[in-house]
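Shared between the two complexes below is subunit A, which has subunit B as its partner in the first and subunit C in the second.
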Partner chain A sequence: MTWRPRGLRARLLVAFVLVTVLGAAAAAWSSAGSASRALVDSTQRRLTETVADQVAAVAPQLTYPPDQAALDRLRAAAGPNTLVTYRDLRSVDGADTGLVTEELRGAVRDRGRLVTQRIVTEDDTPWLLVGTPVVATSPDGARTPSGIEVYAVRDLSEVEERIDGLTESAIGTAALALPLAVLLALLAARGVLRPVRDLRDTARRLTAGDLGARSEPQGADELAELTVTVNEMAASLQASMATMSRMQADARRFAADVSHELRTPLATLTAVMEVLETAADGMDADANESARLAITETRRLVRLVEDLMEVSRFDAGTARPRVEDVDVAAAVRDCLRARGWLDRVELAAPAGIVALADRRRLDVIVANLVGNALRHGGPPVRVRVLADREQVWVEVTDGGPGLPEEVLPHVFDRFYKADAARTRTPGSGLGLAIALENARLHGGDLTAGNAEGGGARFVLRLPRHGEDA
Partner chain B sequence: MRRIWLAVVLVLLAGCGVQPSGLADAGDAPTGVAPGVTLYFVDPDGRLVPQLRPTDRLGTVTEATSLLLTGVGSDSELHSEIAAGAPPRVVVTTEPGVIHLMVPLTIHDVTPLGIDQLVCTALGAHVQGGGSRSTRVRIDFVQPTRESDVRRTCPLIR
Partner chain C sequence: MAAILLIEDDPLVRRGLQLALRGHGHDVRTADTGEDGLRELRASGPDLVVLDLMLPGIDGFEVCRRVRESSAVPVIMLTARGDDFDVVGGLEAGADDYVVKPVQPTVLDARIRAVLRRGTGSADGVRVHRDLRIDTTALTVTSRGEPVSLTATELRLLLTLSRAPGRVFSRQQLLEEVWEHDYLGDSRLVDNCVQRLRAKIETNPATPEYVQTVRGFGYRFGPL
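Up next, the complex of A and B:
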């Protein structure tokens, strides 16, 4: 049994067919068996009675004690394939009388009654052996053996053929049940499999993110219970997901609100600080230093709030790039020049690489990457612009120690600081996150890694023909 | 597994054919051979006695009763109480349980013992030929008489 059916349908089918065939075969076998037994019995009785009647009919006319002629007459009366003996005399007809067994002869002699025996020869022919003594009855009814014995051999092949016919028709009837069994099995399989298939489809939709997917439970069986359970599971999952996303949205809205609310007082504060800055030179040394510190921190606070608002716009999905044809090399050069970094950065940018991009956002990204390299990495800081027909890459590398392995997965996380002790850096902690969002807004990507020489390496990839390219 | 299935199928198929059997009893053996026919006559004491007539075979009831009508023969001390001279021709018909003898005699040709002779001879031949001992005998005489309707049995064969 190396082969096993896979799938519920095949297994149900096989089980149904097996049960049906076994049942039908058992019923057919038992009915054919009893019918054939009855047939054999009646045939046997008829043959035996015929022999006995024929012997009885001719016996009163027989010379007794019999001579050979009398035995021949008796034998002729009993029909073909008969052996008649009386002491040393024998009368034989037919070749098959050799089938008479010693067992039968002994029984005939001992019992003094009609005895039958069925045998099957090696060529599968069934035979009926009938043996009987002829008894002499006195007028008062006492029976004594006369010494005459009659053995008749009768062929039962005809009965065998009729039994074979019975068997064949029984098998035929059983075979008729097969298509019915297959049909029933298919119906049952469909009844079982449809809910299962529904459940599978629902599970697939849930996996694909459609948390509203449900199956309609049918009936009240175990499958229906399973369906109900799966529905409950999906409902619970959906509820917790909804809660979570609501909390997330709340948190984002809070950040957005806070930064928005901070903007107005900060604007005022900035204006005050500018006045303070102009007046700072006239102060004494201590007051001057305090004023400078307040000015620096206020500017940092302004940048942090601006970054927070930018992040909020990304989170709310309201950030829209204003794309135009931009000469990437020129844009990068402008960015560096505006911040006075041109002399500290090695720029390798062939002119004429034009891409569809938002000039301001490209500037933000490049400024952040180069600023990070200058601040945290070591010289030399290199910026390279590469392009093929579809995409443009801006690669920023530095000569510093590079990014540690454990930091790499987190460099784009918000407020992630690689060095916990260095929290007082001028950055807001949002720069790389904003740069990544900007790259994605263009349909591009930003990846962090380490160059072969050991320094950190950031690669900005942008499609040249807009987001759909 | 395949072998088991094959064996099951073979057993099922084999169970349907004609099977060999042991010895089985099939009833009483046929009977009817006898060295002669038994006739009934009356001895000097007036008793019914059987006499074996060695005819080498049992023969039929007709033959037995016809033979009875021919008489006892000369060299015997037995005698018959059936009037001699009647033609030895008896017509025998058999119904279930009853043997009809149509004898060429009148009721005056036989004594009661003579009737017994006829009844016993007929019944004896019947029993020896395999018939039942409870069979009754009716004798039809050539002239109508009430005796013709009596169903008789032999005093010696019970």
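Up next, the complex of A and C:
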């Protein structure tokens, strides 16, 4: 499993983790918030009630107007960190009573009842300030403010710590959800990604030509539908390809069979043509001409069938080069000499260029190129043999008008006739196609173009050390 | 003018070749199956056999092998062009040469005459090399005193090579001199014939003493 930051898996994972963390954090934050609010409220109520109860317990025993001793007594009853005032009299205990704000005092004086205030000092300590007036109850039951005010300062740090603890445990719980979320995300990603990857692999195999590749659809979701569709597409493609290649193979086999069947009667005809040729001299003019026509056309037919069979062998992939060390210049010269072309061709071929080649096929190529140049091009026909360490080139140029632009892409096509008037040439129309196939069989190639002077220029390139070099 | 046995199953091709070879002055007997051909061979004792490889019953390769078991008569095969399987198989079965169908009678006639032209160059008497004795006049070869039966082609190859001991002949040269082929001759003819010749005259054909291979060039006659 490869990790791709931009992949579907990564995106799914990130989304899952984000949702989980946000959800868990929100839940933790809200539950911790409400829990801490409840905790603060209850603590505050308890502290306030304690102060109020203590004050209420002592208040009836006070004398009015109170003296300093009475205030001290009251303050002692109310516990530490308490300030008791009566007009200018003050009774103080604890260092933190300075925290009592003027605001609180004002509120106590104005409202005449118990008031609380929460403050946070600069060192982040939370405090609860409780202020209450002492109410004197006269013998007739009437309640009047006595002018004594009690201010108690209570430390809320402990509560704060407990709230922090709550928050921490909430975060801890939320954090526990994180690996779970990753696991779930991976599982979900796998569930989604496996069919996607299967499909991708199948598509790759199809692209590579393995038309039998299929994916197994899983479940009944959209991905399964896509898989089924892809399978159907592949099946239809495979069927079309099979039909096409069968038709192609049939056509090729037919050509091969036809050529093969033609060969037997042609063998008979070829055998008797010489007898006929000898006898033709003694015939009358019409019979003689008929005999000569039959002979000429039989030879054409033989050549055509041989070329067709050669093409069939290339198509069937059964053509095999029989390579040996060949002196290319000598081979070209032999080829020209055997056909009586040495006088009509300017040959520039340095001796000693040896290449690994099939002698017969090289002869076929050169004979075809030079034959074409002599027939269709104009003089001078030049043949040059060039070589470097790895390659050898045989270049055939003529002094004719050259190949028209529109003809160039088709010169190697089978039965392509550049000029309708030239349909009756001695060639089979397969010569250049066969020459090209022969060049490729050697691991080389054959190219057509025009020389700078304007004539046609064919270049055969062959590797000197065989196909694998 | 030679007595030729033509073994070919197709009646029209058979008749056509018979007419054409007769036109070149040969006396042609025919057979339409391998079995028939072998019978005819024993009965008439031709100078040369022209053998089609595609035959009903026993095929041309088998016919060639059976001919070689009892006779040194030259065999020329008729094969399809480009059918290397046929060529290799036929040569291994002991054929002397092959032509490709459809064959021009002139070409076939030239091959027939080449195969039958035994005495090459001047008959210069007897050449003796260690245990090998070549009589260029009587056209006989003996090894350790025992006569060796060589086909016309094998004999001609041996005569050509032994004419100039130590001289290296390329396959092309041998094809031209022994088989009288043009520049497109098939070098497998040479290699195959060399192997058969070695099997007959060498004490140990794997380490030849008389017909030596010169790697990358061809063959020469030894010992030097």
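Throughout what follows, the second predicted complex is superposed on the first by the 331 of 469 C-alpha atoms of A that agree within 3 Å, B and C clash if a C-alpha of one lies under 4 Å from a C-alpha of the other, contacts with A are read in each partner's own complex, and residues count from 1 in each chain.
Assume a residue touches a chain if its C-beta (ideal position, glycine included) is under 8 Å from a C-beta of that chain, and two chains touch if they have at least 3 such contacts.
These figures come from a predicted structure and were not determined experimentally.
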Query: For A:Arg313, is the partner it touches subunit B (first), subunit C (second), both, or none of the two (neither)?
result: second
Task: Figure out whether A:Glu225 sits in contact with subunit B (first) or subunit C (second), or with both, or with neither.
output: neither
Message: Just checking: does A:Glu261 make contact with subunit B only, subunit C only, both, or neither of them? Give me first, second, both or neither.
response: neither
Message: Taking the superposition on A as described, I'd like to know which of subunit B and subunit C A:Asp250 touches: first, second, both or neither.
response: neither
Message: Touch test for A:Glu324: subunit B only (first), subunit C only (second), both, or neither?
response: second
Field: Which superposed partner A:Glu158 touches (first subunit B, second subunit C, both, neither)
entry: neither
Message: In the superposed model, which partner reaches more residues of subunit A, subunit B or subunit C?
response: B
- prompt: Between subunit B and subunit C, which residues of subunit A are contacted by each of them?
  reply: none
Field: Contacting residues of subunit A [partner subunit C, same complex]
entry: 263-275, 278, 302, 306, 309-310, 313, 318-320, 322, 324-325, 331, 334-335, 338, 359-360, 363
- prompt: Which residues of subunit B touch subunit A in the complex?
  reply: 1, 12-13, 15-35, 38, 50, 56-60, 120, 123-125, 127-130, 133, 156-158
- prompt: Of all residues in subunit A, which touch subunit B in the complex?
  reply: 1, 25, 29, 32-33, 36, 40, 45, 48, 52-53, 55-56, 58-66, 103-104, 107, 111-120, 126, 130, 132-141, 143, 146, 148, 150, 156, 159-160, 163-164, 166-167, 170
- prompt: Once bound in the complex, which stretches of subunit C touch subunit A?
  reply: 10, 12-13, 15-17, 19-20, 23, 80-82, 84, 101-106, 182-184, 187-188, 216
